[in-house]
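Labels A, B, C and D are assigned to the chains in the order they are written; within every chain, residues are numbered from 1.
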């Protein structure tokens, strides 16, 4: 005691005060401000999903419900971070060698599967073999067929050699990795594993009641850290109106919203007290594609004219209640490949008429419709049934085109018939469709002039040698800084050529119960840091054990 | 005939009024049912829009009136097809008997085993959900009722004296069937068909709910009503008015059927 | 009696054949291809892969050959595997069918419990205010589109009054409930769906019961019963009701397809994992093996339902078994 | 004939309400039936005889009503009876047999059940006892295989057999009055004779009054002590059988008799 008091000399008093302040007052202040508080564990998050998952083997899953659940169960070698940059996941680091022909991944060493077995390079090798196995019904084989050889020099190194340099390859290694020791002797197409998977992600599989719910529980051994929220529950609610009603009774914690739900239906005191709404750009765009072999649309001037005749802002205003942005090209707005010097064409009906007149389209018989060589400008646009937004967009475009004397008929088709008999066979005059905007900007399959066979994706028949070259060159370069030159050029050329009338990028709208803390919206959305979300003990709604 | 038959009276009044409304639709509401008005999205009922407006600012009353055209024609044409097929097959089966009868009635038995909605769903989903396809499919999956009725009536009628006499006079089969048997058997079929009309209208609503009904922008009561799903909580009028329109119409047809039953039975 | 049953049993053979033919060809003659083959316009899927999948599924063979292959399978009760998740189709249906059957059975019981007394009372008090209001109400319920009623009910009973949960089968903490808690929870979840499923059926059965009863009351044997000195209640509820009730058995059989069909809608809106919902998904993804299996199975169920109804009718109604059949 | 008649109907008027129109079916009928007497109520169809017969135990359809008159049975005013008194009397005091036994027997109960039901109802005996009595009754109406018939449903039996069973059921409680409404009309001539013989024989052995309703004057003449002729809802002629047939008072009776004489049936 005496010794202790001997320390207490006056000279040190200010320092002690500082220590005291730090030790006692700061935590109170921090707690009061609500930051850096130690997160509580517990509770569950209940998400509503329109569709059930089909399989929990990620390399077989092509639907978004399956992919979402798989996202919490598995990891890939790489992932996109909150700013859409490619970073390591199961791979700690990687090197690009031989001018892009070889990628060497160095794997994390402390990762274990949910059954306790260690994760090794053999699992990566196994997953790769399954991806290229013709017997396995995976839709993702394409990127991996370019691999010349995959070697495993040691337990924690994977060396992939490509036939030619292929930049999109790197992102393809975001493919979730499967456990070799469990699946080695299984037929992937039919294995029970699809419904009781073992992964290595932040959550472990608990139960799956078909068409009812999937339940996951947090993985204490997750290599980053155990998630704070104990359970993640996906409830299947096939009808949007039911989802909305469930939200009204707090039966769901998170769900996607329609624009109307976002702006009006959730604009109530109830929603404001219990929920938080998020509005982020979605990674999709909607367009009107022309069949470029059609005599009307061969002329670039006509396409540019039509682009001027349609008010995209109006479409966004009516169809998405203003929740979206005008689209100018097939890249994620704000991403490195996106060319922000490409500005949307002005809505200018007069200019449109003028351009059409220059292209030979005039209303010679004064019937209100433009014509050329005796043919009126009348075409049919097809779109798929079940997508209200596309149909409504079509109706608005129809009205705007009518104002400049162009008749557009709308035909709504059942999806499979639409794709198989019209789009794949290129039997259409114009089509309204959407593409997703992958984080990897390679657009080769959609725009390269070689991709116009039946069932391929350049079904509008676009061909521009400069775009072709740029697409091919860009694939060989890994460095985004150099790669972006090509894509930005492609972006510019596409907007000038107008093979599509690029319409809009809708916003992705969602609602989340406001008891969840640690949610930080970023360009990638909100889900990227899900394992850091937490709920204060007093506000937790679900218990894990009785 | 109408005396002391309040069901028939009410039913005919409802459906009669409805027919008049659909007939004179363009004069009743001059607006274009597809006219989008960005300034008038989801407006509650007012003097300009007595039933309010929908998500695209279209006048709901106009859409319901034009929707009546579509929905009623679905009802009538689908049932027309069902009755035509039913009469044809039923009278063939009843009149010729034996193999023809067995064959046709077995087909009817098979068709009756299927939950009709499943069949319709599968076919509508696979074909284009155009109005015509919907009518045709509903019609072709509901002929069994009329066919059975016609067959039964014909079986009991064909041995009657007047038919025997007609036959003795050398009348052709077709003449006997069309002039004597079918008209005599028509009563119960009429009741069945009236109920069938309302069933067809309801069926289209069900298909619309699943996104497989008449496709917008063509307004049908089904696809007008399903907008209520996406506007829950902000537009009660979209929930109430189209729903009531369907309700009253179906009620009308069922009342007529009930009234007819009274007359026939 | 036994000859009647045997004859009916033999009669199902051509029916079964017809059912498979219709199921197969209606579905397979439609244009378009399964989504599993189509892969929903995914740029990652090459045309070659699609051809390969087509081959794996046997879709490259001529249609009649596919039919024969399929028939060979289904006589062994093997309906193949789903295109979507490769699970055996029978397994997928088996896990869903109890819910749908259970729900529909509950709905039938409810319909019966409400419609029979109402119909009988209406008949006894024919043309009274009671009769007219029952008629009107049952017509009214019959006239309302199912999903519309469901939405109205959900808004009123679940949101305004908070009596029932909106959707689903059980609460999320179900497994932690006591046995009674579980039972209560299930009933609360299933009440609205069963009620909505039943509502369209009230009208039919009430009307049917009413006219049967009126018909029965007109029969001469009722005069006999009265002439014997039976009290009115015995005349109505023993002599007339028994006659009026018997044909209802066959109606129950006939109502199976309608209820099954209706389950597509209420299973969607109440988020219930039954076969109606499964069928809709199968149709939307063109999961041929699943669609065909489901059509066949529901048709066979309906057929068996009718058969059982007819046979039990023949058993309970002495008039049938000795007459023409 | 000095004692009080068993059944006495005075000025009976029955009206029907047919969708708002009033229709008089029985218009001031007046007649009586004495104990142990066989009275025949005759007339062509639509003359109101069946309605009159039904009115006796107030078994009229709901849209018919007795608008005036009185019915006295064994000293009681039937029109003033309570519902309980009525049901106690029906089947026990006054029994009926009808034209088409198959449709007047309930198709979904066995013959045994239907006979036993009446016995249990009025005699308050145990069901087994009732069943035994039923078997005896069937023997009494000369049914050869009573056990089989007891277990049979009406449509399994012939018309004659059904009518015998029906008679057995009606007589189960030894009624004072049996009202037989055209009980043989739907039967073959040979069966008709058998049934008539049976009825007369039972009447003799059991001793009840019989009100027999028929349009057939031949039968009327053969079995009756007294005839009552109805025409258009009115009783136009009545009296001892011989008297009426010998010198009919009303022209309609005359026409009827002449019609029968012409075809040689009388």
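Methods note: a residue touches a chain if its C-beta (ideal position, glycine included) is under 8 Å from a C-beta of that chain, and two chains touch if they have at least 3 such contacts.
Here the structure is a predicted model, which is why all the values come from computation and not from measurement.
Undergrad: Chains touching subunit A and subunit C alike, please list them.
TA: Shared contacts of subunit A and subunit C: B.
Undergrad: Along the graph of touching chains, what's the shortest path length in steps from subunit A to subunit B?
TA: Graph distance in the chain contact network comes out at 1.
Undergrad: Per-chain Cα mean versus the mean over all protein Cα atoms: which chain has them closest together?
TA: Central chain: C.
Undergrad: Could you work out which chain's C-alpha centre is the most distant one from the centre of subunit D?
TA: Checked the centroid distances; the maximum from subunit D is A.
Undergrad: Counting C-beta pairs in contact, which chain pair has more, C-D or B-C?
TA: B-C
Undergrad: Between subunit C and subunit D, what distance separates the C-alpha centroids? Give it in angstrom.
TA: 51
Undergrad: Can you give the whole-Å distance between the Cα centres of subunit B and subunit C?
TA: Computed from C-alpha means, the inter-chain centre distance equals 22 Å.
Undergrad: Starting from the mean Cα coordinates of subunit A and subunit D, work out the distance between those two points in Å.
TA: 90
Undergrad: Which positions in subunit C touch two or more other chains at once?
TA: 31-32, 151, 155, 268-269, 280, 286
Undergrad: Which residues of subunit A are in contact with two or more other chains?
TA: 239, 241, 245, 248, 414, 416-417
Undergrad: Would you tell me which residues of subunit A are touching subunit B in their complex?
TA: 239-241, 244-245, 248, 258, 260-261, 264-265, 268, 314, 317-318, 321, 385-386, 388, 391-392, 395-396, 399, 410, 412-414, 416-417
Undergrad: Within their complex, state which residues of subunit C touch subunit D.
TA: The contact residues of subunit C facing subunit D are 219-221, 223-232, 239, 242-243, 246, 317-319, 322-323.
Undergrad: Which residues of subunit A touch subunit C once you look at their complex with the stated criterion?
TA: Going through subunit A, the ones touching subunit C are 44, 46, 51-52, 54-55, 62, 134, 137, 139-143, 189-190, 194-195, 209-213, 233, 235-239, 241-242, 245-246, 248-249, 251, 414-417, 419-421, 423, 433, 435, 445-446, 453-457, 542-543, 545-546.
Undergrad: Which residues of subunit C touch subunit B in their complex?
TA: 14-15, 18-19, 22, 26-27, 30-32, 135, 139-140, 142-148, 151-152, 155, 203, 207, 256-258, 260-262, 264-265, 268-269, 279-280, 283-284, 286, 291, 294-295, 298-300, 302-303, 306
Undergrad: Residue numbers of subunit C touching subunit A in their complex, please.
TA: These residues of subunit C touch subunit A: 31-36, 38-47, 49-50, 52-53, 56, 81, 84-87, 92, 95-96, 151, 154-155, 158-159, 162, 165-169, 172-173, 176, 268-271, 273, 277-278, 280-281, 286.
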